[in-house]
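Some structures to go through are shown next.
Across the two complexes that follow, chain A remains constant while its partner is chain B and subsequently chain C.
Up next is the complex of A and B:
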């Protein structure tokens, strides 16, 4: 108790220097929690969007399908297995057939993928019902995302022709009429893609009843039960890249504040080292007055730790309302995140977990204890007589 | 008024190692001090006064021989036991005052009582009394850097006396003070010695101090060469 009291006295009496340390420590602490929370919120939002509009409750992939290998797509289609067909009929799943094509918007050739999807599906959040448009029988209705619209210059109502090799290896062409440009946060259903009715694609591709990917409905518990030639990809797998990207971005984004924290810790360390040299006589006096050396070490260590504790308290006092405010109202982040390779809605809701708070607090506290103790440890070798003469052992 | 023997030093040797060589700062010192004494260790610079005082104060260990202070052999005390002895029974006064700079006068004087875990009320009473002894009640809230040298040393005296220690060890307490302040401090200490029967041991070569001493132990080259009881 006495040590705490004395340390507190020493810290408060030391004035500005202490408060500056406390402020920088707490600021770094709050900013780290905030940045992490921001990215956790972003990750959650993007995940929700991806789940809602692309992967649902997980996907079955035709065994040869590899979204990162355009050449694999040519062979990655098979008949939909019976049991999955049953799920599709029950409204628990939806099939997608993927075919690579060359398109000619504005006269330039560009590669794209045609994705056939059931217009009446309710598995993913996409305006596929618009594909029921049968107003022009000479063309197939298609939906593209806003990014695709931008990169191709296509608008709603535009026509374009797509050339592709059908299942027999012969080239075929089809006219597509864009019926909708959809706004989506999910790039992977947007870039280089044209969504058309599944039946139409199966027909022109000469692959009736076949698909590449079968998406399960979100929250449907379906246990894979032997779909030969198909592999089930769960959320862990499908969201892995996203998780990795966000984790990386988190580190990059927090880097500045971690650096700031490092500097604050350095300042604490510096204060401590200075104290060990400048306050030797004080230590000698404390020992002459009857303090044990252990207590003197404890006192000086605790003075440093107290900075950390005060920083945590200060951080809580102004940080919690601040973070709660942002979590409530959200943050406007136009375009920034889109450039970063993940996209989110215009308003971002940070997500703070107790875990995040506790872990950050612990890291801060432990580092403060370490930088406080390391210099103070030298006192254990200090002889009272030397200390009184202002000499280091 | 001479009481029981409270310090007994026997065959004391202190060697300081200086690289390969060693330097003998105390060479077979024998002396004893009884309670209530007002004694000075005197002698030229480097004669070993501070060294002897530090050993008596359990701040340093002798190389050979023993020093028994208040029944305790300082050489056999653990670090914590030494601290306890100092805390409970010894008061220190230094040439450079050694006040704790961030504390007020009051807090400085209060400090030893905090270590002794005295209650707030006990502390308050004792601190006020000690400040009265040294005539600094009015400066209770001042910080050390707002005090003159004389005032600082009076605070140090109050801090040493506040817990009513058996022994006060004062190393050159007047070295940084002018004549008037030196006499002031010495009169104060003499008064406390007579009223409270506190034992005072000085290490000094200041003639002003020597004039007040009741006993003079003369050191030279680490040896006691004379021991004179005065008045």
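Up next is the complex of A and C:
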């Protein structure tokens, strides 16, 4: 108890030097929590968007389908198995047929993917109901994403021609009328893609009843058994690239944390070294009065720990309202950020968990204990007589 | 008298129509002209694109309809690039800076050759018209001042690139002076014209052709000119191998 009292008194009497250390440590603490929260929020936001707009509760892929191998797409379609067809009829799943094509927006040729989807589906969040537009029977209604619209110069109401080879290898061509340019955060349902009614694509591709991907409902509790020729891909598989990307970004960001924390810890270390050098007579007096070397080391280490504790309290005082504000209102993401790497919405909402607070607090506290203890170790070699004369052993 | 003349003209035209060859016969004539056993050609391709006009010269070795080897010789940027076609497969060789052989398959076959209006798929089509299409003569028209049969082709089988074609076939030389290729939906996809012909031994052969991708706008098509052709050439078997691409 004496050590605690002494340590607290010493810290408060050190004045500005202590408070500067507390501020620097608390700033590092708040910044680490904030940045980690931003990454967690980003990951959650992107995951939610991908789940809602694309992968639902998981997908069945036709055995030859590989989204990273364009050569596989031509062969990656087959009849929808009976049990999955039943789930589609029950409203628990939705089928997508994928066909590669050449499109001619404004007379230019460009590679694209035609994706057929049921206009009445409720499995993924896309405005597919607009594909029911039958105002022009000579063309097929189509939906594109904003990125596709930008790259092709297409707008809602525009027409374009698409040329593709049907299941038999015969060229066919159709006119597509863009009925909607949808704003989506998910690039994988946007770039180089045109969504058209499933039945229309099955008809022109001459593949009635066939599909490439079958997406299950988001909160599905029952996974239909797989059929030969179809493989089930769960969230772990479908979100692997996303998780890996965020993990990679976190590693990059950790260098900044190390730098920030390192600077703060250096300040604590310097303070400790200086204190031990300047307070030799005080140490000698304490030892002459009967305090063991171990207790003196403990006193100095505890002083350092107190800086850490005060930093956590100070960080909580100004950090919690600040972080709560950002969590509520979100942070505006510059467009440049959405174009590089992960695609996120215009506003990013950080996500802070108790786990994040505890882990960051522990890292900070343990680091402060270590840097406080390291200089204090010298005290173990100190002779009380030398210390009283102001000498170091 | 007028009535008699009209009857005479009617009978004469009926006789003339009766003498018109069938669609099948016309296709046989075309195949006979265009299918070559072996040849070495020097060609120039003039591509009129949106960004301007450029020409590409090449040396072509052909054996039957399954084997072809192309070496681009001009301009310097394209010089050294080579292409090998064996049946339905194509390999491209790019010397600098990658020194790589690229297999052209799947959707890449639909891409244009050197930015022209021709796709790789167009140049890999190697079957006889008589094997692929049912032909019907729908009339006669003049094309570039020459009398032509108008022949409409529809696919005999499903696995065919163009579902239907319309040909204007020279009645005397049996060359399709104009050809339109259609999608299954009836949408016109491509068009080709023979602008100049040459007589080589017992056959007529195109000397200058124009191809146009009708889905694209802005360009003025691609001209394909045969500068020289030699039907009596010995081509070693090694010419049609992947090893020859890197030589």
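Keep in mind that, in the parts below, the second predicted complex is superposed on the first by the 372 of 393 C-alpha atoms of A that agree within 3 Å, B and C clash if a C-alpha of one lies under 4 Å from a C-alpha of the other, contacts with A are read in each partner's own complex, and residues count from 1 in each chain.
As a convention for this text, a contact is a pair of C-beta atoms (placed from the backbone, for glycine too) under 8 Å apart; a residue touches a chain by one contact, two chains touch by 3 or more.
Computed from a predicted model, the values in this text were never measured in an experiment.
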{"item": "Joint occupancy of chain A by chain B and chain C, clash or fit", "value": "fit"}
{"item": "Partner chain(s) touched by A:385 [first = chain B, second = chain C, both, neither]", "value": "first"}
{"item": "Partner chain in contact with A:351 - chain B first, chain C second, else both or neither", "value": "neither"}
{"item": "Which of chain B and chain C A:2 touches, first, second, both or neither", "value": "first"}
{"item": "First (chain B), second (chain C), both or neither touched by A:10", "value": "first"}
{"item": "Touching partner for A:293 - first (chain B), second (chain C), both, neither", "value": "first"}
{"item": "Partner chain in contact with A:285 - chain B first, chain C second, else both or neither", "value": "first"}
{"item": "Superposed arrangement, angle subtended at the Cα centre of chain A by chain B and chain C, nearest 10 degrees", "value": "150"}
{"item": "Shortest CA-CA distance in Å separating chain B from chain C in the superposed model", "value": "71"}
{"item": "Overlap of chain C and chain B interfaces on chain A (superposed complexes)", "value": "none"}
{"item": "Residue ranges of chain A in contact with chain C within the complex", "value": "70-71, 73-74, 100, 102, 104, 106-109, 111, 161, 163, 165-166, 168-175, 204"}
{"item": "Parts of chain A lying in touch with chain B, wherever the complex brings them together", "value": "2, 5-6, 9-10, 13-14, 281-282, 284-295, 383-385, 388"}
{"item": "Chain B to chain A touching residues, read off their complex", "value": "54, 57, 59-60, 79-80, 83-88, 90, 92, 94, 96, 98, 100-103, 107, 111-112, 114-117, 159"}
{"item": "Chain A partner contacts - residues on chain C that touch it in the complex", "value": "50, 105-107, 110, 112, 155, 158-163, 181, 183-185, 187, 189, 213, 215-218"}
